[in-house]
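Take a look at the structure below.
Just so it is clear, A, B, C and D label the chains in written order, and each chain counts residues from 1 on its own.
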Amino acid sequence: MSIYLDRNSIVLVQGITGREGLYNANRMRAYGTRIAGGVTPGKGGQTIEDFPVFDTVSEAVARTSATVSIIFVPPPFAADAVMEAADAGIKLIACITEGIPVHDMLRAVAAIPADVRLIGPNCPGLVTPGQSLVGIMPGHVFSAGNVGLVSRSGTLTYEIVDQLTRAGIGQSTCVGIGGDPIIGTVFTDCLRAFQEDPDTHAVVIVGEIGGTDEEDAASMIARREFTKPAVAFIGGRSAPEGKRMGHAGAIVSGSSGTAQAKVQAFERVKVPVADSPATIPELVRSVMREPARK
Amino acid sequence: MRLLEYQGKELFAKAGIPVPQGRVAASVEEAVQIMREHPAPSVVKAQVLVGGRGKAGGIKFCSDAEDVKGPAQAILGMNIKGEIAKRILIEQRVDIEKELYLSITVDRASKKPIVIASAMGGMDIEEVAAKEPSAIAKYCVNTAGGYWPFIGRRVAKEADIPAAVTGQFVSILGKLYALFFDVGAMLLEINPLAITKDGKLIASDAKVDLDDNGLIRRADLEAWRTDLPDHELEQRARRTNLNYAYLEGKGNENVGVIGNGAGLVMGTMDAVRAAGGEATDFCDIGGGAKADVVRNAVDIVTADPRVKALFINIFGGITRGDEVARGLIAALDGGTWKKDRLVVRLTGTNEREGRAVLEAAGIVAVETMNEGAAKAVAIAKS
Amino acid sequence: MSIYLDRNSIVLVQGITGREGLYNANRMRAYGTRIAGGVTPGKGGQTIEDFPVFDTVSEAVARTSATVSIIFVPPPFAADAVMEAADAGIKLIACITEGIPVHDMLRAVAAIPADVRLIGPNCPGLVTPGQSLVGIMPGHVFSAGNVGLVSRSGTLTYEIVDQLTRAGIGQSTCVGIGGDPIIGTVFTDCLRAFQEDPDTHAVVIVGEIGGTDEEDAASMIARREFTKPAVAFIGGRSAPEGKRMGHAGAIVSGSSGTAQAKVQAFERVKVPVADSPATIPELVRSVMREPARK
Amino acid sequence: MRLLEYQGKELFAKAGIPVPQGRVAASVEEAVQIMREHPAPSVVKAQVLVGGRGKAGGIKFCSDAEDVKGPAQAILGMNIKGEIAKRILIEQRVDIEKELYLSITVDRASKKPIVIASAMGGMDIEEVAAKEPSAIAKYCVNTAGGYWPFIGRRVAKEADIPAAVTGQFVSILGKLYALFFDVGAMLLEINPLAITKDGKLIASDAKVDLDDNGLIRRADLEAWRTDLPDHELEQRARRTNLNYAYLEGKGNENVGVIGNGAGLVMGTMDAVRAAGGEATDFCDIGGGAKADVVRNAVDIVTADPRVKALFINIFGGITRGDEVARGLIAALDGGTWKKDRLVVRLTGTNEREGRAVLEAAGIVAVETMNEGAAKAVAIAKS
């Protein structure tokens, strides 16, 4: 088992004829992901490196029965691509594109049906190790197992997964939810899914400064809606107030969004917070040994 | 992109939100000219982005063309918390009866625009939230439904806005909401939203933060960008589309940091601090960076004289190790930075190819982030 | 039993200080409806003929636990009033106002949560005879019983209910859904509710020219989603093509929306269509005697 | 409120939708002047709301100022299916390669705006729907989400719009959608949406129907109303906000009908026909009508010389019987209509009070609608 994604997921690549789209389509296929083809308006009917290309997602869905889509479309057109996927019946959308106008996403998340799961935008995607990779992560750092991971960061995730894998701790599903202010899936969504997944025995939550997603996750744990063992890490402890760290989500404004507040929120609900990615595997082992929180 | 007060008020005025009569000046002469044309009791305000300009002396009063010289001279060029006031806004004074607070911002949690209002205006809203949370009304607007006047009435009621100005309040909020979408704002804040002695609402201040990504839809607003008083290296980085922040704290900054992905760069900054150093910057070359981006990043980060060691931390996903390595070699070849003050950590996609490129140039990459941070701090302190 | 409304429904009157609002608040109270008070922005705190007045619906809901609202607010402000009610947690809204811009309603119906039932606008409201009347209908023509009625028309409904009552046929609930192009509740919604209501044994459907609501109802019957005995009436058989009959909904455009098409649609699914309101009671008796459609 | 072609095209042009160069003229002199200023192969089109003007001779061609006189003279004042052409649109001719169809209307069933498109333009869309339903693509736009370009691409694909013009099609549909909400339209139709020989899309015709209720938000458009060629009594009714339609059919119309509520009035018309007569009009005094509204309705309906009997059918809900009765008495007192050609049916709210008012004036109300219809038809035929 896993969350969101498994070996049977049939995947489309929106923007497959672009440089990143094609490069990653090949990498995903090499990983074992069932890539059914791609979509690029105006290039329908072509074939690119054996991938059939369609003009519209609805046409692609009709021909391939895909239910998952990954988006590599330039920022001005990416929200449109998200809406197109949702409209065409795609149920899991991973939007990789960085730099989408926040107001485009405000409109998009409001219009997407409730049964469509959007990951991102500005995210690395998700992977169910050994089964399917929908994203831009380096597949070789992942290994199949029973620890779920959800992260606001991209590359920091690889760093942490790498540590887990080297320590012999495999993963059920790893989700990079993205760093933008408006994203489709947040920590609490993933925790809810991990709670339901029998093959996830513990979860690593990789947070960062800005917003209150980490506090919301801690509240959910306090309410006993998530009861599995968990370990957290918060990036940006050394970031000064008022400076935006790369993406709009990561900014400490006054007293809100500080690393300290997030660390405290997790510690209050007995979720240990790692000082460094290097210590995460050890913490995971220790929480998995402990009796479950009640 | 944050706007200066006068820019924000220009947007407000166009959107039909009442603002005091005012004009901006960049010199004492301009200020005198403005007061000559509009001789009236006025307030002279430093146009800076940092808060607390009032306490720093950045707000003064005058009543005629002669009178404005002193304040203008005093404020123009004033250093307010490290920011130089290059412009002043000269506004007709408003007789204020009471100060309210009103803002719209993007709420991450609800994924909606959130309206925040309070009858306790004039002070920092976080201060109000801390002192008297019940004095603040919040409302997340259903993006799909958009703004309806009932939202304004509900917020006004819950925020205890005086009934006599509720009609004006509802109308101003409607215009503010339309402006929010029109310009792609992250924040529109009116604090204080003043009630004048004759019962009119007027935006006494304007704080506007636009979504940088949204400027592709509003290229006209991009022109205001040059007015922003960021650090020179940040301006240079922005011109080349590099995610770079110049970090200033206790003065012990010594390690330049470059990485791919905001999270990893922040993690690297944290690791540098844990190793006893301090990052001079946040520099994210982003996903899928090509060689020229890497080269540009090295050039900008090392242009900072505080940088005693440079730590490049790459975990390849969409970014390929060989591209990074090539960019790095090019930067070293074309620049003045020496490879003995450089620590590279390279792993992930095309890691092997990248390491090969580096080794051919005599650079040995370290294995882990913590190891790299420790080595960089050691170099910086040597 | 009944649909939507019963003796326990607590009702607010939006626009209670207006002429029609106050007049009908009194009439509804006289009928037995539990009127908890009213809402008029700027007049909160007053009392008008013993009805407490509130500034906002959310305040009124907090103080009175009302879950139903009836709207008598002028056209430019009526959609706002609908949204306000929905936002404040009201679950049944009857909007009487005539002349609301269609585009206001397009926005409003898109934004109202799925669990809020809007009746109208431009409708006479609804009544569960002997229990509660939320609307502008003349209460004396109704009588409690087991025949449900749903109608696009207002006054024609009174006409028909009057015939039913005189013939000794009581009603479970009568719903006037309104004649505007965009309305919250259509025939099929009401049929679904009547299907679930054990005390409704048969239904009268009062349609008119324009649109396809009648055809949709007939399709629902064809799909066996509504299986109780039914009788229909279609107003406007003598209306010429291309002329708008009073409200934008009632217009025959080319071959679509004709009375003939609607009559045929019902006849195809064995729902008898009355020639005149006067013959409806007789048809109702006859369908109730027949064995149920299978 | 339906607009004439030239008005619709004015809206299109403002919205950025390409239309042929053209100007409107109300006289031959104006037409000559237009052709003098823009001498080019042109088409002269009667500005009427009824369909089929082409077959009726309402579209002619010309190429210069001399040449336009004949067509202008022929068309101005032409009676097309009962409608007089008061204006002509003179447009530069466009070389058409292919004709498409595009419209947006309000879809009752989905409660959303619906886009309808076809590569088979130039003929009535209902005809296409009957002949080749698969040639039509429909898409209900989620009002909350609004228009996104993917909608245009999807519709274009499904309607088999040539790939070469899909980009233009998507852009035009986006502008049409914005216009739809901007003006509060019930229908925006471009038929044909022409592909020119040089591959450009252009709106060859424009059919615009605005929501009358929406004009409270767009008072500027109301000004076009006087251009509409409705029946004189309909114009008079509209000025007084009365829901009135002048009915014309086989020429046997003889009973004036007034009622409250569209459904009841339609039911009354049906009852009149069932009784062997035919209604001259549809006249709905609406809910809650006061005495003066009734009086006005009687005046307008009886101003029609075809009316041989007047049947007033009131079932009081929000409308009160006594108000109606008082208005009726006032109308009879102040006008020329005789009470012996009047049939009144009055029931519902304040029925007793109303009947008392009528009886005091010597009018006995009937009990049922069918009884009233029969009596009115008998009077009309007497």
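Brief remarks on what is shown
In the analysis below, a residue touches a chain if its C-beta (ideal position, glycine included) is under 8 Å from a C-beta of that chain, and two chains touch if they have at least 3 such contacts.
In this text the structure is predicted, and so the values were computed from the model without any measurement.
The greater number of contacting C-beta pairs, out of the two interfaces B-C and C-D, is seen for C-D. Taking the mean of the C-alpha atoms as each chain's centre, chain B and chain C sit 53 Å apart. Look at where the CA atoms of chain A average out and do the same for chain B: the two points lie 27 Å apart. For the pair chain A and chain C, the distance between C-alpha centroids works out to 47 Å. Across the assembly, chain D contributes 142-145 as residues in contact with two or more other chains.
For chain C, residues that reach two or more other chains under the stated contact definition are 107, 110-111. If touching chains are joined by edges, the resulting network of the protein chains shown has some other shape, matching none of path, cycle, star or complete graph. Within the complex, the chain B residues that touch chain A are 106, 108-109, 111-113, 124, 126, 130, 142-144, 181, 184, 186, 211-214, 216-217, 243, 245, 247-249, 259-267, 269-274, 278-279, 282, 284, 286-288, 314-319, 347-349, 368-370. Partner chain B is touched in their complex by these residues of chain A: 20, 24, 75-76, 96, 98-104, 106-107, 109-111, 124, 135-138, 141, 151-159, 162, 179, 181-183, 186, 206, 208-209, 211-213, 216, 235-240, 243-250, 254-256, 275-278. Of all residues in chain B, only 142, 144-146, 148-151, 153-154, 157, 163, 166-167 touch chain C in the complex they form. Across the complex, chain B is touched by residues 41-42, 44, 55-59, 77, 79-81, 83-84, 87-88, 107-108, 110-111 of chain C.
Of all residues in chain D, those touching chain B in their complex are 143-145.
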